[in-house]
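Note that the chains take the letters A, B, C and D in the order they are written out, and that residue 1 is the start of every chain.
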Amino acid sequence: MIKASIVGGTGYTGVELLRLLAIHPDVEVQAITSRSERGRSVAELFPSLRGHLALEFTEPSIDVLGSSDVVFFATPHGVAQSMARDIVSRGIRVIDLSADFRLRDVSVWEQWYGQAHACPELIETAVYGLPEINRDAIAGAQMVSCPGCYPTSVILGFLPLLRENIVDVDDLIANAASGVSGAGRGASVANLHAEVSDSFKAYGVAGHRHLPEIEQCLAALASGPVNLTFVPHLLPIVRGIHATLYASMANRDVDQAALQKLYEDYYAGEPFVDVLPAGMLPQTRTVRGANVCRIAVARPLARNKIVVMSAIDNLVKGASGQAVQNLNLMFGLPETRGLETPPLLP
Amino acid sequence: MIKASIVGGTGYTGVELLRLLAIHPDVEVQAITSRSERGRSVAELFPSLRGHLALEFTEPSIDVLGSSDVVFFATPHGVAQSMARDIVSRGIRVIDLSADFRLRDVSVWEQWYGQAHACPELIETAVYGLPEINRDAIAGAQMVSCPGCYPTSVILGFLPLLRENIVDVDDLIANAASGVSGAGRGASVANLHAEVSDSFKAYGVAGHRHLPEIEQCLAALASGPVNLTFVPHLLPIVRGIHATLYASMANRDVDQAALQKLYEDYYAGEPFVDVLPAGMLPQTRTVRGANVCRIAVARPLARNKIVVMSAIDNLVKGASGQAVQNLNLMFGLPETRGLETPPLLP
Amino acid sequence: MIKASIVGGTGYTGVELLRLLAIHPDVEVQAITSRSERGRSVAELFPSLRGHLALEFTEPSIDVLGSSDVVFFATPHGVAQSMARDIVSRGIRVIDLSADFRLRDVSVWEQWYGQAHACPELIETAVYGLPEINRDAIAGAQMVSCPGCYPTSVILGFLPLLRENIVDVDDLIANAASGVSGAGRGASVANLHAEVSDSFKAYGVAGHRHLPEIEQCLAALASGPVNLTFVPHLLPIVRGIHATLYASMANRDVDQAALQKLYEDYYAGEPFVDVLPAGMLPQTRTVRGANVCRIAVARPLARNKIVVMSAIDNLVKGASGQAVQNLNLMFGLPETRGLETPPLLP
Amino acid sequence: MIKASIVGGTGYTGVELLRLLAIHPDVEVQAITSRSERGRSVAELFPSLRGHLALEFTEPSIDVLGSSDVVFFATPHGVAQSMARDIVSRGIRVIDLSADFRLRDVSVWEQWYGQAHACPELIETAVYGLPEINRDAIAGAQMVSCPGCYPTSVILGFLPLLRENIVDVDDLIANAASGVSGAGRGASVANLHAEVSDSFKAYGVAGHRHLPEIEQCLAALASGPVNLTFVPHLLPIVRGIHATLYASMANRDVDQAALQKLYEDYYAGEPFVDVLPAGMLPQTRTVRGANVCRIAVARPLARNKIVVMSAIDNLVKGASGQAVQNLNLMFGLPETRGLETPPLLP
């Protein structure tokens, strides 16, 4: 059994990680930390886990974490970078769900996150944990930095177009929408049911922290700079991200059927990317609770614009499920281990 | 024009009061106070009011309030009792939406609210603002204490049964459910969309502050002590209270048709109580945004239990609309003035 | 591997059964029937099952069903009674999720369902599939009739009180609320999102078909007639039933602590009934997607009324999960096989 | 009093029109027609209107409609074109909320709607009822064709950019999302609460009937052909459309402040278009129930792409409210008459 610890288990990615690990046959959660809730039983905070997990929250300490095979960080940014050095130096593997090690350029990180980076020397070490583009590196990594939720949905959607050099990379658009669990479990007026429910809005239009992350990854895929306009929106649902991507055909003409085939071929071997048949479009409810990204591609009215739609559960393929997928790769397990449960529909 | 001020306008009853007063032809809001938001424009906090109201929040002070004809308190309990003495002593009328003056017995108030009452001498002065039982007293009152949202729905539902002495008052049950706007606009984890949405639960089973208020009023109607079991629930909707009331027929046999006639006759002259035709049941969406209580009464399978269902919008007939109805009575206006807009459906 | 067939797989209990059986290690679904969708792939109708199930809907026929070890009916009432005779006569086991064989008295069935019963001779054969009261009989049954969703939540909530003879069985109340998936997947105006969302209402007050089912079972537990007032309500959520039960203490005084202990002891060995610690109340979201009933019991203000709250997922413990639990019992498998996944929260 | 009749009052635009006209001081609804519901009281179908409207549905006939001053069509496409000739020939004014007379080119209409047009000779007569671009023509029109809901939100958003010739009209994108009331009140599986709630999806990607309508209008504004990519999405809310528009700066450089000023100046005199202050973004809940379009414009990170966000209530500014606004113009009333109620928030 792989001994896992979780730092920061009181948020939604934390409880989702616990839900997934509770049925993972090869992993045992040995500690979950929270300063604010230490001493409290996990099942008291999250009654859904009653009968599935007997742990209490503990103070985070290297003593507790030091006996683990792997440590997950399900924390806000800033925490992993302050603790990772110690853990990594003991040879323990780290899977970071936060934004701390996602950006390669520390100055870009510091600009977007507004603080000095506490551990720039590990940025190189941390492998970007998107298996669909980095599978081998993840398998050999000591430390994996899991992608953000929006980036996962946007990058998987653009991937075949960029790898095949089909579109104008200087004019990409990602219009994305997320359920409110993406905003975290902190008390806030803005995320009250009475504020969010039965409403819809854009936010972060002036600049969202996931933009440099997405552009960094798309640039790597395109082997050159890209320009993305990224507008996130807040959905009155709990789980789910839906991205609608727009790109102009630039270098060659590809008709609808060829686009469909391109995507199907490209993702044929991927266990967690599902290219829908022509004419079917993704819905967030068809991925709820499952580690899958469903994608459709279209060229409306045979005009010049390609439209890609992708849907994930932000807490699963966009966070905790992808973290487990990375764990499977890092420990040589079948990539789908513990992730076989179908989505919950309706 | 009646000059009105509102103390504590940043909550949901405050913004609802502003919405209703914005279209009231005889009232002008001259001040709205908030310590935390002073200097900020109301329309910035509540963009729905852009173009309808040019006020800024101000510091609450007797100077500002002293030139009003009427002062509304849309505050948590404890505020009105600390400020009412000054206002009342200047001859200004007060309409209190909070719980401060609802209970006649100050010791009961102090027991349920866990603090000393700062102004017990005004409890006698404050008229309980449920027009359907207190219309004349309200018309002559200097100070009105508006009922709680649950009490409004429960009392109007039981009223004909108690007045007519039909049921066993020692075994009344009110199973009620409220939309989350009833929990207020404060930041809290419990009321986040991701916590409340797509869920349902009871709360306050061990004892809810509206219980003594309801029992006090029902006892007055029954001319003797009553025993009510009251269980509130939290609905994943924004607005609306639905109460399902149970009582046993005790003193005489009344069949379904007679019950229907009793309710229809009883409320025939009431502008804001709507007894539905036999077979139609109230839904919260049919009262959304309007100052109306819809009621149905049934005697299922001709057994001994009478079931009454009542629905209100907790922010309107359960709070700010009832406050305006009381204002109309206090100032000699037609009772329906400013309250004629139909509910918003769908 | 147990070969299972499903008759009527296009509704919500059908797709939920498929979701659960997809991860059941001992069951293989060999056929799923639907007249209206025959020839269509299941994953086209329910894209959540893409990659989990390769079946197409087929015409229901004894040829297809005849090679099964077990046949599930996930059909409206009337279908199972027309087909069960043939299947049972071949020695195949039947698990009926519909209402066809729930009522022992065929005349009561015919009165509430408004049609003649097509197979009264099998009513005796069919075991009422609530494992918590009928475990042994289910294990030996050829045919199991699964309880309705409301009855499951209400019976499990009242069970200890009735078995222990604590309350007045002549005055029981069940105020219950269900998510809209309980209304099925048929096209209807009443269940449109724009009609149901952001609203709440009672329905079926004059008489609901689950009433005779619940009373039949409670009477058996109480060893005598009972009188239940049952009022169902429609919740603007997809999954979940919450029942709030009221009963008067009649025969002996049991305080809050003793009630808590009674329930904990009573359900101590039950894998799928969770008595919450004192002070914690069930929420439908803490059972979403899982085969569990969470229960709390209270005696508010030490008065005479006992209040019990129970929550289930209507599609799981209220339907398809309970069906799988029954299958496990009928085939000698561990009762929890395939049902270990924790609820989906948030 | 203006005598108004409504053809087809059983849908959501019909009931919304009734709600608005119920408080319009200059209009009296004298008839509302529905073949399927004839003889039934309107308040029975829509209990929200109890006490506000005493009408019954009647069979549509020229006798009933012939005594009106104005006839509204709140019908699916195909109805107005079959009845308008008779009504118009009697000199009665017509306000059509359907799509029948929106497209100038009858062949385009027939291609997108898949049927022959029954009344092409009135297409010229019908004025496109978007007051912000057509105010004078509407005032003098006998017949007004109200814009679709998506077109209203998209055209008002793009309008200043196109009139000022700032962007590349050959590459416009409208990513829009609508609440489910936009799908109408017909029984359908796709719009059930259990299908729509807690989910999000794109639809109509291959081509939506509002595309030619929007392009027709934008081309007129741009004085030349335009190319729009339009992707609608379905929101799990009841009311509201939010459009996120993308355009590339083409002909001159306009910074964020200049864009803001352009929009503010452009809409300064418009009673129902609200340009939000810089930094504030529209939310559908801030327009719920009101005849207003709120707009924000941004140039993220000073790059080349302009992003415009606009929000309306699809049933009000996107349908029935705009119809009343048109009535006011046609009958020489103040444009805001009957439309002064603030949005319902929360």
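What we mean here is this: contacts are C-beta pairs under 8 Å (C-beta built on N, C-alpha and C of every residue); 3 or more make two chains touch, one makes a residue touch a chain.
Worth saying up front: this structure is predicted, and the values here are computed from it rather than measured.
Trainee: Which one of the chains is farthest from chain A, going by Cα centres?
Mentor: B
Trainee: So which has more C-beta pairs touching, A-B or A-C?
Mentor: Between A-B and A-C, contacts are more numerous in A-C.
Trainee: Chain A to chain B: how many Å between their CA centres?
Mentor: Roughly 45 Å, centre to centre.
Trainee: Measure off the straight-line distance from the CA centroid of chain A to the CA centroid of chain C, and report it in whole Å.
Mentor: So the centroids are 36 Å from each other.
Trainee: Please set out, as single numbers or ranges, the residues of chain C touching at least two other chains.
Mentor: Residues 12, 181, 194-195, 197-198, 236-239, 283, 285, 288, 346 of chain C each touch two or more of the other chains.
Trainee: In their shared complex, at which residues does chain D touch chain C?
Mentor: 12, 179-181, 183, 185-189, 191-198, 236-238
Trainee: Please name which positions on chain C make contact with chain A in the complex.
Mentor: Within the complex, chain C touches chain A at residues 12, 15, 19, 22-23, 44, 46-52, 181, 197-198, 238-239, 274, 276-277, 280, 283, 285-290, 292, 294, 340-346.
Trainee: Which residues, counting only chain B, touch chain C once they are in their complex?
Mentor: On the chain B side, the touching residues are 171, 173, 175, 177, 194-195, 198-203, 205-207, 227, 229, 231, 233, 235-240, 242, 244, 246, 248, 279, 281-285, 288, 296, 298, 300-301, 303-305, 307, 309, 311, 346.
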